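First chain A sits with chain B, and in the next complex the same chain sits with chain C.
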Partner chain A sequence: MMNKADVAIVGGGIIGLFTAFWLAQRGERVVVLEKNYPGSGSTFRCGTGIRQQFGDDANIQMMVRSVEIWKDFCKYMEYPGPASECFTFAQTGYLFLLYSESEISEFSKNVSLQHKYGVPSSIISPEEAREIVPTLDISEVMAAAWNPTDGKASPFLAIRALVDRVRDMGGEIYVNTPVTELLIEKNTVTGVKTSRGEIKADMVLNATNAWANALNEQIGVRFPIEPYKHQAIVTEPFKAGEIKPMVISFKHGGAYLTQKANGGVIGGIALKYGPTWDISPTYEFLREVSRNFTRIIPALKYISIIRQWGGYYAETPDHNAILGKVKEVDGYYIAAGFSGHGFMLAPAVAEAMADLMTKGSTTLPLDFYDPYRFQRGELREQAIQMG
Partner chain B sequence: MSDNPKEHIIICRCNGVTLKDIEDLIDEGITNIEEIKRQTHIGMGPCQGRTCIPMVASIIARKTGQRIEDIKIPATRIPVRPVSMGILVGDNDE
Partner chain C sequence: MRLQEHPVLDFSKKRGKKVTIYFEGKPIDAYEGEPIAEALHAAGIRVMNYTPTTGRARGIFCAIGKCSSCLMKVNGIPNVRTCITLVEDGMQVERQRGLEPLPRDYKPPKWKDAERVNADIIIIGGGPAGLMAAIKAVEHGASVALMDENPMLGGQLVKQTHKFFGKREQFAGVRGVKIAEILEKEAREKGVNIYLETSAIGIFQDGEERIVTAIRENKKLVEFRGRAILVATGAMEKMIPFENNDLPGVYGAGAIQTLMNTYGIQPGKKVLIVGAGNVGVILAYQLLQAGVDVVAVVEAMPKVGAYFVHAAKIRRLGVPIYTRHTILRAEGKEKVERAVIAQLDDSWNPIPGTEKTYDVDIVALSVGLRPSIELLHQAGAQALYVRELSGYVVQHDERMETTVRGIFVAGDSSGIEEATTAMLEGKLAGLAMALYVGKADVKNAMDEMEQVRKDLDEFRSGPFGERARIGEKKVMIK
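== the complex of A and B ==
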């Protein structure tokens, strides 16, 4: 086992592995410690959506950068075979269905803000929405917010590619290796203690999302991150391409749904439970998801649900992540509390964290996610929390 | 067509996963059935693993020298069988 690294990253999900990639690319010697297997915490349970349609400057900027990186993901991964076999970031768009004047005015404001950063979103008519998804029931739809450059991607393929790439670059990834303690000397982090022994490191990144406070307890720091159970379903496959974009309806229980490349529909609703560490599926969710999905696309009543699962949204009070330096101990950093947006934000968040850790600053708007904003009573505007 | 018969032995009919796919992962050191599921999508099709999971468990047991009863099986989740959304919302008048 590696006994000395420049950076030890705790948590082998999309955030930890993507940060390991950027750091390794800059010549840092990285080690990733994963208590189970890569992606097993929240990444493999996510809804797969990637969108720039947020309602605030920071999240839009981060997502614009993320989409740039997602588009070139295979190049960054130096995938040896044909790109079609590497990974597909399908830019199939996000379609927010709007049912009231107040929704239209809110989303019009968001669209103007998104234009400031070059996002090609627009407000379209119900008929235009139905051209994009012909099976939509538009009888009550008043308009839709549409961005064709949003999309979706497979978390399984993304994690697999990152694991291979980080290892190729000389980074080490240890699975089934929980970190039990931070090693600290004179208020400076010197490494981590794992189930397999100690690893010395100049910097430690806590990328354990819902579990982040477990490691912070040791230094008497607690950030407001709570685990909430969210669930998702997948249906039997049918003809691919019927529901290309991620379709969103706040009116229908905060529903999000899209069709995967294999033809199955994946999606969920906002119904959540918690804070809780229980992620067992509930019948209430199965019934409510069916009720809401069939109102958005009535033909879905003929389609069978084959699987339902739960996972955590590691929620903060303003649904924005906690990113930055942990001031109490030198060399200790945190990137956690993604509130359901970790997968889509990962490429840019990881790049910003790598900037911060190697250069001390970044051009990305990392300050927005300041870990100490809650302590100062500075809640951000709530992020649009959806798919 | 390949001469390797293991490429023609289908373990998961829903997602077309072969014996070779499973054995290759185990050879890479991925012996946790949960992780094999997420890498290959065994157990994630319409049968929800009722055909493939016992076979995959026995392949892992054979290749790693474990007893089959010691192989941890993925969680069984609702719905136990595929159920149409129409039935779930009580719209049963077809």
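== the complex of A and C ==
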């Protein structure tokens, strides 16, 4: 086992691995420590959506950068095989169905803001929405917010590609290796203690999302991150291309759904439980997801759900992540509390974190996610959470 | 083709009213009470769909709703398991060509709250284990609701035309079909609440209660609520790798029994059987009874696995059993037309020059079963791989309770054995559940459990019970 690294990253999810990638690319010697297996915490349980349609400057900017990177993901990964095996980022768009004047006015405002950063979103008519998704019931739809450059991606293929690439670049990834303690000397991080021994490191990144506070306790720091149980489902496959974009309806329990490349629908609703560490699937969710999905796309009544699972949204009070330096100890950083957006934000967040850790600053709007904003009572406007 | 005469079974009484279904627009005769795939098979239609990626033809394989090989479009709805969906007059059935588009239906369904069924005990699976558990639990004062996704009760007993061994109280000398009738009658008379054509899709915790959600007749949601749940979901047929093992006509042994013994449909004209365990050898005999030619039984092991009496019977009737042989490939265009077998050497490799080709239209695979533990797994029960029980099984204690409190297991889903042990395990689970829900008299139930455990031990005590004994030791929680 490696005993000395420049950076030790705790957590082998999308955030930890993507940050490891950027750091390795900048010549840092990285080690990733994953208590289970890569992606096993929240990444593999996610809804797979990637969107720039947010309602605030920072998240839009971050997502514009993220989408740039997602688009070139296979190039970054220098994937040797066919692109289809490397990664399946599909720019199939995000379609928010709007059912009231107030929703339309809110989303119109968002669209104007998105235009400022070059996001080609627009408000479209119900008929146009049906052209995009021919099976939609538009009888009550008043309008839709549409952005064709949003999309979705496979978390499984993304994690696999990152693991391979990080290792190719000399980084090390240890699975089944929980970190039990931060090593600290004179208020400066010197490494981590793991189940397999100590690793010296100049910097440590806590990328454990819902579990982030476990490591912080040791230094008496607690950020407001709580685990909430969310669930998702997958259906049996039908002909691909029938529901290309991520379709979202706040009216229907905050439902989001899209068809995967293999033809099955993946999606969920906003129903959540918590804070809790229990992620067992609930009947209430299964029932409500069936009820709401079939109101958006009635023909889904003929399609069977084949899987249902739970996972955590690591929620903060304003549903925005906690990113930055942990002031209490030198050399210690955090990127956690993604509140359901970690997968989509990962490329840009990881790049910003790598900038911060190697250069001390970044051009991305990292201040927005300042870990100490809650202490100061400066909560951000709640980020749009669905999908 | 339909069987008109059979030495054991009388289908003229079993068949329902004649109806007409339409296959790709063509009218086909069918009988009420018969599933779609079986009716199509009787009309000579073997290909049910073409696969999405390679466009290969697929027909039935398990015929009990477990393998998804028979999916078709029925009345415009894709992915219908035609082997367990009953025919209705005027039904439109089409082959599925790859993945089908969504039906263009813009009418949101009227949401009706699910039908709610309450009972002390919910049983999933109406085979020998489930039925026996239901009977025992009711006898000891508990209320029971039982569901099965097939259109009839009895599980795999409904196609067992042979007589059982063992003790008299374990139905020795009685044919499986008859045992199914006896158990069904008893369960119904005792007031077990029975739901057929009802597929359990999930087990959930809701406070003190557990919910089993199920879909009835492919469309209605039913919530079964109870405090104890028995998963007695049986087994799935295994598949072995060989060229063209997906050709329509390569059927699981159980599927052939379903066609022939349950619905009176001639499965084919000439059959090669792979696997000389009890299932394979009994199948050979049943095929002969139904007037079907069995060209040979091949067995990769050096010895016949079946009981001597069964094997001797088919040998007497002139069916060769080739040990140390396996199937190399099936041949034919969209259906089995030939099968090629070969002898194996000591390291299980085919010996060149020993190939034999048979003109057959059916290859029957009786290469073992694996427990159906999907629902137990979903409910969070701890599973492990036990070779002697033929696959992944869940751990259970001596009362058949799994690692999840209140969830019990019995029959093949707890490890592959046979119908007699399934009934005994079902008894045990039924008694334990009646105790668990607080309805049984403790002393009576405990005494009876003691007796059942003795019977089980006795049944497993012979050389044929060795695998089960080893397997049980591995899954048992002390």
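Here, the second predicted complex is superposed on the first by the 387 of 387 C-alpha atoms of A that agree within 3 Å, B and C clash if a C-alpha of one lies under 4 Å from a C-alpha of the other, contacts with A are read in each partner's own complex, and residues count from 1 in each chain.
In this section, contacts are C-beta pairs under 8 Å (C-beta built on N, C-alpha and C of every residue); 3 or more make two chains touch, one makes a residue touch a chain.
This is a predicted model, so every value here is computed, not measured.
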item: Which of chain B and chain C A:Gly263 touches, first, second, both or neither; value: second
item: First, second, both or neither for A:Lys186, with chain B first and chain C second; value: neither
item: Which of chain B and chain C A:Gly39 touches, first, second, both or neither; value: first
item: First (chain B), second (chain C), both or neither touched by A:Lys359; value: neither
item: First (chain B), second (chain C), both or neither touched by A:Glu236; value: both
item: First, second, both or neither for A:Arg291, with chain B first and chain C second; value: both
item: First (chain B), second (chain C), both or neither touched by A:Phe156; value: first
item: Chain B versus chain C as contact partner of A:Arg376, first or second or both or neither; value: neither
item: Overlap of the chain B and chain C footprints on chain A, listed as residue numbers; value: 236, 280-281, 283, 286-287, 290-291, 294, 300-305, 308
item: Complex contact set, residues of chain A against chain C; value: 134-135, 137, 139, 236-240, 242, 263, 280-283, 286-287, 290-291, 294-295, 297-305, 308
item: Chain A - residues contacting chain B, complex; value: 37, 39-40, 44, 156, 160, 234-236, 262, 280-281, 283, 286-287, 290-291, 293-294, 300-309
item: Chain C to chain A touching residues, read off their complex; value: 52, 77-79, 98-109, 111, 114, 201-202, 204-206, 211, 213, 215, 221, 223, 378, 380
item: Partner chain A, residues of chain B touching it in the complex; value: 15, 30, 32, 34-35, 38-39, 41, 44-46, 48, 77-79, 82-86, 88-89, 91
